[in-house]
Amino acid sequence: MASTHFRDGHPVMVDVGDKPPTVRRAVAEAVVVLPDEAGALLRAGAPKGDPVQVAELAGIMGAKRTPELIPLAHPLPLSSVAVTGTTDGNRVRFEASCSTAAATGVEMEALTAAAVAALTLYDMLKGATKGIVIEGVRLLRKEGGRSGTWTRSEDG
Amino acid sequence: MASTHFRDGHPVMVDVGDKPPTVRRAVAEAVVVLPDEAGALLRAGAPKGDPVQVAELAGIMGAKRTPELIPLAHPLPLSSVAVTGTTDGNRVRFEASCSTAAATGVEMEALTAAAVAALTLYDMLKGATKGIVIEGVRLLRKEGGRSGTWTRSEDG
Amino acid sequence: MASTHFRDGHPVMVDVGDKPPTVRRAVAEAVVVLPDEAGALLRAGAPKGDPVQVAELAGIMGAKRTPELIPLAHPLPLSSVAVTGTTDGNRVRFEASCSTAAATGVEMEALTAAAVAALTLYDMLKGATKGIVIEGVRLLRKEGGRSGTWTRSEDG
Amino acid sequence: MASTHFRDGHPVMVDVGDKPPTVRRAVAEAVVVLPDEAGALLRAGAPKGDPVQVAELAGIMGAKRTPELIPLAHPLPLSSVAVTGTTDGNRVRFEASCSTAAATGVEMEALTAAAVAALTLYDMLKGATKGIVIEGVRLLRKEGGRSGTWTRSEDG
Amino acid sequence: MASTHFRDGHPVMVDVGDKPPTVRRAVAEAVVVLPDEAGALLRAGAPKGDPVQVAELAGIMGAKRTPELIPLAHPLPLSSVAVTGTTDGNRVRFEASCSTAAATGVEMEALTAAAVAALTLYDMLKGATKGIVIEGVRLLRKEGGRSGTWTRSEDG
Amino acid sequence: MASTHFRDGHPVMVDVGDKPPTVRRAVAEAVVVLPDEAGALLRAGAPKGDPVQVAELAGIMGAKRTPELIPLAHPLPLSSVAVTGTTDGNRVRFEASCSTAAATGVEMEALTAAAVAALTLYDMLKGATKGIVIEGVRLLRKEGGRSGTWTRSEDG
C-alpha cells in the first residue's frame, strides 16, 4: 500500500472528481495542559474577558484556512464549524466539529480548528509560564464517505 | 496577575512599541504517533516521495502565517525558519526553530510550525487509519528578550 | 430571540447543511465623502490614472476575502462580483453586487466589497486631507433565500 | 497637485525608502446603527456570548490584513492594535488604535480595523433586520510622521 | 468584440451563475532555463534534498491561491492538482494539471501552478546566478466547457 | 557548492539574522505574447477600461504575497513596488521594481510581481484565444547586498 498523496514520487492533491458530494462531518479535539501559573492566569482573566472564547473563534477561522495550511488538502465549502472549549481544573479541552457536502471529508478542518484554538489559548497564557503543553490533537468521530461512521473508542 | 492580552475586558494586541528589537530564537516540537498501519504507509511512501519533507515545508510556510492564525500575535520579520522531522519507529518528531530581531519573541511561530508540520503528515497518512494522534506540542527552548534563555528540563 | 451565531455562549458558524443551494444576490453601497482638497485631488488624478478603478478592483478582490475577514461567515462559491464607483461632486458612491448559488446569502460579500472599495479610495486620497469620511455602508437589495427579495425603501 | 499613488498614470506603492522609521499612531472609528430589532438581538445575545467581543477580535485581525486588502498600502510591522466597542442604546461605536515604528503611517490599519469590526457585528445581527447601517468610518487622531499630531475637531 | 472582464468600463468578475457546473480540466507548463552554474547547483542539491519537489508542492499550493492573485478569477472547488517537474539537462519543465466541476474553467489555476513552481525553483537556485529565465508559461490542453477539448499543436 | 535552501537534506528558510539590513532594489520583467485575436481584444478593451492597469495592480498586490507563495522566501517590509505595462504591437511587457531595507534581496518580489501581472492580463484576454504565451520572466537589475549592482547585458 502506498500513500495516495504521491504519484510516481510527485506530491499530488488527489483527484476526487469522480466521487459524488455527500454530507460529511468530523469532530476532533486538542487539550491544553496548563501548569499552575497559567491555570491561575486563565481564571484571573475570565471575569473581564474570555481567553477561551478568543481561542474558539480563532479555531473557527483556522478551519477555513485549512487548504492554505495543509498543502495537499482540498478546498471545501464548509457548511458549519463549531469549537467549544471546556475548562476542567488546569486542562482546557477544545472540541471542534465541522461539516460539509463534498467529495472528501473534513477531518483536517476539525483537527486544524482544534489545534489553532489550542495554540491561541497558549499564546494568551504563555506570559505566565513556558511549560504549557498541547496534548492529544486527534480525531474523535467521522461521518459520511465510503468508510461511514467511525467513533474513537474509550481507550483510544 | 491578569493576562496582558485583555485590557478592561477587551482583547488587545499588546503594545511592544517601547521595547527595542533584539535577537530572539525559539525551538518547539510536536510528535506524531502513528498506529502500525500508518507507520507502514510512511515507510512505503518513502522510497518514491517524501511525506516528511512535505510536512517540513508546510511547517515553514505555516510559521509565516502565524499572525493570521493567532489573533493577538504580532507580525514579525522572521530571519530564519527550519523544521526537521525525524522518524523513530512509529513516531515522527518535528522540531521547529525560528529566529527574528524584534520586540517580541517567536515562540508562537515555532509552535505553529511544529503543529502545522504534524497536521500535514497526519493528512498524508490518514488514509491508513483514523488513530493517528499528535502529542506534545510544546516549547523546547527560548533565547532573547527580558527573560533570557530558557530550556525545557528533561522531565518537563 | 437569540443570535444564531452563538450556541450556549460559544460562537459558531451556523450549520447551513440542510438548506438547498439556491441563487442569491445582494447589492450594497458605501459612500466616500471628500472634503474639497480630496475632491480636487481625485479630479486631478483622473486624466492620468484612475483611482476609482483601483478601488473598484480592490472591492472585487475584497469580496473574495469575506470569509477570512468575517469570523463566522461561510465560504461561498461566488458566481459574480461587480463594483461600480460613481462620482457626484465631492461624493463617490460604490455600489457592489454579488451573486452565488449557495445555502446562504451574499450580503456580507457585497457589504465587504463596498467597504473595501471605499477604504481603498480613502487610501489614495488621504494625502490631501485627514477629513475624508466613509458614510452609509448598507444593504440596498437582496434576492433569494427564505426571505425572498428585499429592497431598501427610498427613505431607508 | 496629483495623487502620489500614480506615476505617469500607473498605480504605484509609493517609495518610502528614504524616510526614517518613526513612531506613528492612528485612531479611527466606525459606528453601527442598529434598528430596534437588531438592538434587541444584541442585548439578548449578551448574557451568553459577546458579539461585540467577536467584532473587536475580527477588527484586530483585520488590521493585520490591511496590506492585502488595500492595493497600494505598505506592509507594516504593527506594534499594537486595540479595538474597543461601546454600546449606547442602538448604536455600537468601534474605536480602533494602531501603532508602529515605520516610514509610513497606520491610518489605513486603524480604519480597516474599525470597518471590519463593524462589518462583523453586522454579520452577527443581520438575521434580525436588513436595515443596519455602518456610519462614519473616519480618522479621529494621528500621531507621528511629517505632519505631526492631528485630532479631529468636535464638529468634524 | 470586447473583453468580458469590463462592463461599461468597470472591471467585473463575469457572472457564471447561469452556466451549469461541468467537469473541466486544464494542463499548463512553464520551463525554467538554467545557466550552467544553476544547473550544477540543482544537480548538487538533489542527493540530499529535492528542490524540484519543493517547487512542485509550491505549485500545488499556488493553484489554490489563484482567485486571490488574479483579481477577476472565480473561486473554484478544485478536485485535483498535480505539478510534475522534469529535468532535461539545464532545463526544468513543470507541467501542472487541475480539474474541477464548476461553471468556469481551470486554465488560470494550471498556469498559476506552473508559474509558481517555476518561481520557487528560481528562488532556490538564484544564489548560483542571476541569469535564470522562466520561459513559455502557456496552456497545453483544456477539456470541458462550451469550447470542448483543445490541445496545443506541436508547433504552437 | 550546495543550495543554501537545504541543510542536511531538510528545506530551510536561510538564516539572515546576522546580516545588517541594507537598501536593496530589484527590477524584473515578463512579456505576454498575444496572438492576433488577443491583441485585437486588448486594443478594443482599452477605450472603456484598462486591462493593463488591472494587471499592474495585480502585480503590485502579488509582490506583497511573495513569502506566502514561495515557500523559503523571507517576509520583507517592502518600501516600494511599481509595475508598468507597455504595449508594443502584440506584446505587452511588464516591468516590476521593488525596494526594501532588509537583510535579503527583493528579486523574488519583483519576479513575482511581473509574473502575476502577466497572468492577470492572460486571464482577461484568454476568451479570445488559448494561444497566449508568457515569455521571459527574468531579472533585469539588482542593487544592494553583498554582490552589489548587477544589470542584465543586452544579449542576456
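First chain written, first letter: the chains are A, B, C, D, E and F, and each begins at residue 1.
The definition used in the following text is that a residue touches a chain if its C-beta (ideal position, glycine included) is under 8 Å from a C-beta of that chain, and two chains touch if they have at least 3 such contacts.
Because the structure is predicted, anything quoted here is derived from the model rather than measured.
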Inset, instruction - Note whether the interface between subunit A and subunit D is symmetric in residue numbering, meaning over half of all numbers used appear on both sides, and answer same or different. - result: same
Legend entry - Chain pair, E-F or A-E, that carries the greater number of C-beta contacts: E-F
Legend entry - Chain located farthest away, centre of subunit C as origin (C-alpha): B
Inset, instruction - Using mean C-alpha positions as chain centres, tell me how far subunit C is from subunit D in Å, no decimals. - result: 15
Legend entry - Whole-Å gap between the CA centroids of subunit D and subunit F: 31
Legend entry - Per-residue overlap in subunit E, given as positions that touch at least 2 other chains: 8, 10-11, 49, 53-54, 57, 61, 65, 68, 71-72, 75, 77
Inset, instruction - Pull out all the chain pairs that touch, please. - result: A-B, A-C, A-D, A-E, B-D, B-E, B-F, C-D, C-E, C-F, D-F, E-F
Legend entry - Contact set on subunit E toward subunit F in their complex: 1-6, 8-11, 40-42, 44-45, 48-49, 51, 54, 57-58, 61-62, 65, 68-73, 107-108, 111-112, 115-116, 118-120, 122-128, 130-139, 142, 150, 152, 156
Inset, instruction - Using the touch definition up top, name the residues of subunit D that touch subunit B in the complex. - result: 23, 53, 56-57, 60-61, 64-65, 75, 77-85, 99-101
Inset, instruction - Over in the complex, which subunit C residues touch subunit F? Could you list them? - result: 49-50, 53-54, 57, 61
Inset, instruction - Under the touch definition given earlier, write down the residues of subunit F that touch subunit B in their complex. - result: 7-8, 10-17, 67-68, 71-72, 74-77, 102-103
